[in-house]
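All chains are identified by letter, namely A, B, C, D and E, in their written order; residue positions are counted from 1 within each chain.
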């Protein structure tokens, strides 16, 4: 199919040219304006290699949305810099308001043609990264007319990486060369490609119907095998990454619970809502930045962290003071009361912010990803979450094991009355500990706002998983929580491609049920008499 | 221990005056189907189909709450997965009802509609025989029972208890929900089963069918209560409470808690299954949403609000909460979650022994 | 699930009735042809590398009342845990009679076989009344089915009354066990143990927290049991030991340090050194 | 000194303490005796604030502490060894001891005085083990150690010899005697073990059914017939 | 009674609240508007709002309550097909009247329901035709990704048959389903990338509800651009886009019968009136509220019903049903829509829009005139025998 494409393009170009030659005086602008919507992209592609001033202006007018269909639908109007409208053919000013007219649509095909159009100009740009992305864009547009341009740039290019990229891009075009030797050398070049799309370019060269030369066919098959092998390695890397990434999301959701449930013994069904409030805190901070410091917008997330922590910390303390305090020693009752709290928090948020999800934008430094190969991109937001989790984890660990508060918290959980009787202000400790667990959940919420939905029900989606993680790891065991989360994440991602998301998850739950058989108290269980 | 003590204190307070009220409630329930069938719709005594199905539904919930209380209130096993057994029972009945639609579905096929849109040509093996109500009822009771047996055996054998048990049951129902959400599983996916036409040849919407189903539900509730009373007042019941309060001590008395837990657990699951089987024809739909962890938590809440460790309590709780829910969602659609949430908090804070405790305290004072 | 060795007729036999040396001693199923009811052979138990029992060997004769003393942490409670199945030995074997390997039985089965235990920390069913505690402990079939049909017989009722008088909790019979004082719980647990009518009684510090007068009572009680039951008593109260003692075993660091009459061990330098003090 | 006046306490309907009055002087060992279930532990729990007293007053060094929370009483120098040990099972031995330092801030709150380990060497050997894994007697030693590290001026002990081997009981007896001899600490000891109590008591009180029925000088216990009072 | 009761049956809590809450608001707005003009038959409309809480059995219960207790003359409600299927028996049994405002899979035609959303031939099929056209990028491979329930399954079944008829082979079609609320699309987006390596690919998304947000975020972050692999969605409107940063998504598509961005006087006035009303009611963010296709369908439905009642002179279901046939209404989409005289479905224009950085869609293609609905898709075998008029199921 790919082989036909250039042919098809060439034919349509021919057709277009003959059409154009008919309309002797047609300016590029009116040519573009009157082109059939389906052909507009082709026209721009054709112009890519022969861009001149008027054509550039015409393209710019389309791109900037300054071309409108007139109200009667028969004319195309251009909006000048002064906002006035004029007919593209006659140049006559026309009365009317652009706001009520439909602009000529810039659809995907036009947009990619535009990209290539600009890229051709950028090939000589002094900025190396711009040159690289230009090559990428041109390679995607697969315009055979570009070959001479690419080859000549290859001669002039100083940077070896850019030269290599040009080499690859021209090799793709050379696959269609009538010269078998050239095809062969192109295949050898492409064998090193990390882009899986190369496979579909090579595929026609392996069958006799489209490739007469046997040696070329053999080379193409070999190249495909090479590419597949390298793809496999990237796949594995991808699985590992997404496993760890899912693991850290789970961990983030479970960490606060490891404190409120693992240590305080409060089955906190409102834990998810703390995540949710944390996420809404980032939403609010984001909006404040939008309206007050738009210049510093990218920093909003950093500001959201302390805010989310503070808000959930305070809410957590208040809940402890008002409700949970009265339920210590009645763990199962805490489940009911916190479930009630959770319902109320959800509804409160729904009434404050609406039932619909709210938009939380990734700051630009978290948008996009680190492209390892065209097939494998590690999104920045997920990378950031992994790092963030590590940080929060370290803090939590220090707090619990290296501070007196941590010691007191653990003592109070085990024997409240006695802790009081050795001099621990249990009320304060409970409050701080619950606030802390909630605060950590709030921090988690900030991170979750970067990868998923922010809506009143955000927390509900994490509650089962969080409990599973804490239980699998062993209640009260931070190391267990980490292992549990990472284990679940990675196993999940290994199973998902073959079984699908749902069956994989079911299998894991079944596996956990069986696993707990062997270690009823979790991965990192306490042993010994302590349990009686 | 604190809870165990107060629980026990709760159960020891005499339920005598409550019995009168219970008997009155029973009489009303038994009269309802008659009032539905034989009074003039315009008369103030008439019980509408709406009321009848609503109350019927709540009664099914009450049975579930009772089943839950046997394992939680008495045995100390907080199951966060009881909704699963209920739903499985419902699916068993639902299979029959789907088959009973016959050719009257959208596609006028032998197969249920959802199989048609999945392009299935034959009935999967586990649907065999579901055209017989008796077999469907066996499934409705047997499948939850079997699942409970296997899961319970695994869990109790390795002495999983307390929160571990709760979380595992939650995971179980969650896994089942995910499984049933898949269309390939063969139970209609997210849609579940609905649009039933008839049961044993009687139209689903016929007043007689409604009244009969309702009556059966009331009878099942009475039977369950009676069996429950007998169980918890036997030595078996005392062993259950001993398991709740000091399981390891019981072992050194020579009792193997495994079989006791398994017995009550399976019995409870089967009772739920039966309740589910009666629920589906009355509400007219069953889908995996019934298996969501939130539903199962709610069951626990009915029990807690009503008063755990007594038999009337859960029935009361299920009735009260669901009635309140039905009313609040109409009267204050936007605020009902606040009311509901506040109710849970208030009961746990101020009524540790549930509504029943409140009634009893009232009696004591009087 | 059926009790392994119980015979109803024999069980009904009251422990302080007038048929001496019958019943439990000759209970079918436990082979005591060599006169020993319990053998511990070369038992070791360690926790995270710490050896709580170190190649411990010990045996108890039928009808014997054996006192075990030894420093805190010597492994006395751990030994009882091994016998009752609560802790599994790393190596070595524990036999009940000649033939029953205790390692192959669960806690419940071991209790049904006829080994009863009183814990160091009194453990009773706190949410049940004193009387109900005794009822549950009362000897009888332990199956689910039996429990569904069980009715208290007149004989059993009498037995409970008897026990209540014995443990002086008659007035408290309808109180919840959780409301008893520490010492009262000790007594209740002893009562439950008796109700269970085991062949071998393991008592872990039965008089801790009792007044001297009560200690004497307990001693008397144990002496009446001796001969018809086999007993193993762990205590730190030397006066109490003196009032009941036949043979005394001293455990230290998980192994037998000395064995003999009370006078013998009290005179043993090593025992004085690690346990009695000077 | 400690001055308890006319304390009343109920569990539900039952009257457990009936107008109990008790004094404990600094530098003295005050022994409280009585049969099982007469309310000794209940009295101590009221003193610690674990159970709020229904009526009556508790004054410590002249200050009324009846309304204070337990940790506030600890802050005023009261330490408690409860019946049944109540150590923190999942904390290590060392952490348990550090819990005893809860009333101190800063460095003093972190460092465990070496003297405890001298008194109970086994605690040093097991300092990294979890408290719950210790044997009964070891736990009892830990509970006493935990109370002592808080350097109390009123030490309240509920049957501290329960489950402890004879040699260590002797040792504990000596410790108590020495502490009393320092003359900066009041010691309130509940004991069933008559000989032990008699050997230590400067003053004694006997309780029965929630009431103090006899009290006097420790040296006169035998002549006052206390042993008979405790008999059944 | 001096009012006419009108039921509003949309989830205000639970997972579907995200989408349905705005439909409730729209229904109340439309009712207020009609009342402001004097109501119908000289009576005011009185809305009865209930919350079935995204719980399908509760939908059935609430429907029964609306019909038998509140005795509403008509109900506007439901979003998901499963909720509609659960209330359908109730409406048929009690002979009520339901207006259903959301695009759906067809395969249904009840005399008690008016369908004001699109049938597959008014949305899905034209969208795929566009993708296959040169203008739409000439896609050769199709990745059908949906939420696992009847609407996506049936729609994809129809699309597969349609693609077959266009000569697309099965190896060039991949179908995949995720559960409601699924939120981890790492693996799936990775799969799409791999699939797309095999030739020009388009993704056809029937993901419903809030799964869309994580899906699109992952799409953006993994760098899958619309120019490479366009995604066309059938259940993503302006409301759903509010939760997403749309900059990386520019160019991905949606097919609907209305977009908020269409320029015509009816639409501008509608949006302005709605916002003014919302402001008066104190709704959050009133001046930034968006409109979308199901809201338009709700609005059209209510107005058509009011017209029909006037025409019939009664709210009686049979009479109103008869009067509905052929009723016309100048809709915000810029077209005058007509209720088909026979099949209870609207004639609707089809529009395809591309996502813009501001969260709106720009229309890149649309039909010249409204299209008649084919609830019984010809791509499902056996449907040619279906009657073109609604029949009550037995």
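Rule of thumb we're sticking to: a contact is a pair of C-beta atoms (placed from the backbone, for glycine too) under 8 Å apart; a residue touches a chain by one contact, two chains touch by 3 or more.
Predicted model, so just to flag it, every value in this text is computed and none were measured.
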| item | value |
| --- | --- |
| Shortest contact path, subunit D to subunit E, counted in steps | 2 |
| Chain whose Cα centroid lies nearest the overall Cα centroid | B |
| Pair of chains with maximal C-beta contact number | A-E |
| Taking each chain's C-alpha mean as its centre, the one farthest from subunit D | E |
| Most distant chain from subunit C, judged by the mean position of its C-alpha atoms | E |
| CA centroid of subunit A to CA centroid of subunit B, Å | 43 |
| Distance from the mean Cα position of subunit D to that of subunit B, given in whole angstrom | 52 |
| Distance between chain centroids, defined by C-alpha means - subunit B, subunit E (Å) | 36 |
| Touching two or more other chains - residue numbers and ranges from subunit E | 12-13, 148, 179 |
| Contacts with two or more other chains, residues of subunit C listed in rising order | 47, 179 |
| Numbers and ranges of subunit A residues touching at least 2 other chains | 346-347, 502, 528, 532 |
| Footprint of subunit A on subunit E - complex, ascending | 12-15, 17-19, 21-22, 133-137, 140, 148, 176, 178-179, 181-184, 186-188, 190-191, 193-194, 196-199, 210, 213-214, 217-218, 220-223, 226-228, 230, 239-240, 242-245, 247-248, 251, 253, 263, 284-285, 354, 359, 362-365 |
| Residues of subunit E that touch subunit B when the two form their complex | 12-13, 49-51, 53, 55-57, 60-62, 64-65, 68-69, 81-82, 85-86, 88-90, 93, 107-108, 147-150, 153-154, 157, 177, 179-180, 382, 393-394 |
| Of all residues in subunit C, those that touch subunit D in their complex | 47, 50, 69-74, 76-77, 120-121, 168, 179-184, 186-187, 205, 208-214, 217, 236-238, 274-278 |
| Touch list for subunit C against partner subunit B, complex | 1, 3, 84, 86, 106-109, 111-112, 116-117, 119, 123-128, 132, 135-137, 142-144, 147-150, 176, 178-179, 192, 196 |
| Touching residues on subunit B, where the partner in the complex is subunit A | 2-3, 78, 151, 154-155, 157-160, 163-164, 166-168, 170-172, 174-175, 178-179, 181-182, 248, 293-294, 297, 300-301, 304-305, 334-335, 337-338, 340-345, 347-349, 352 |
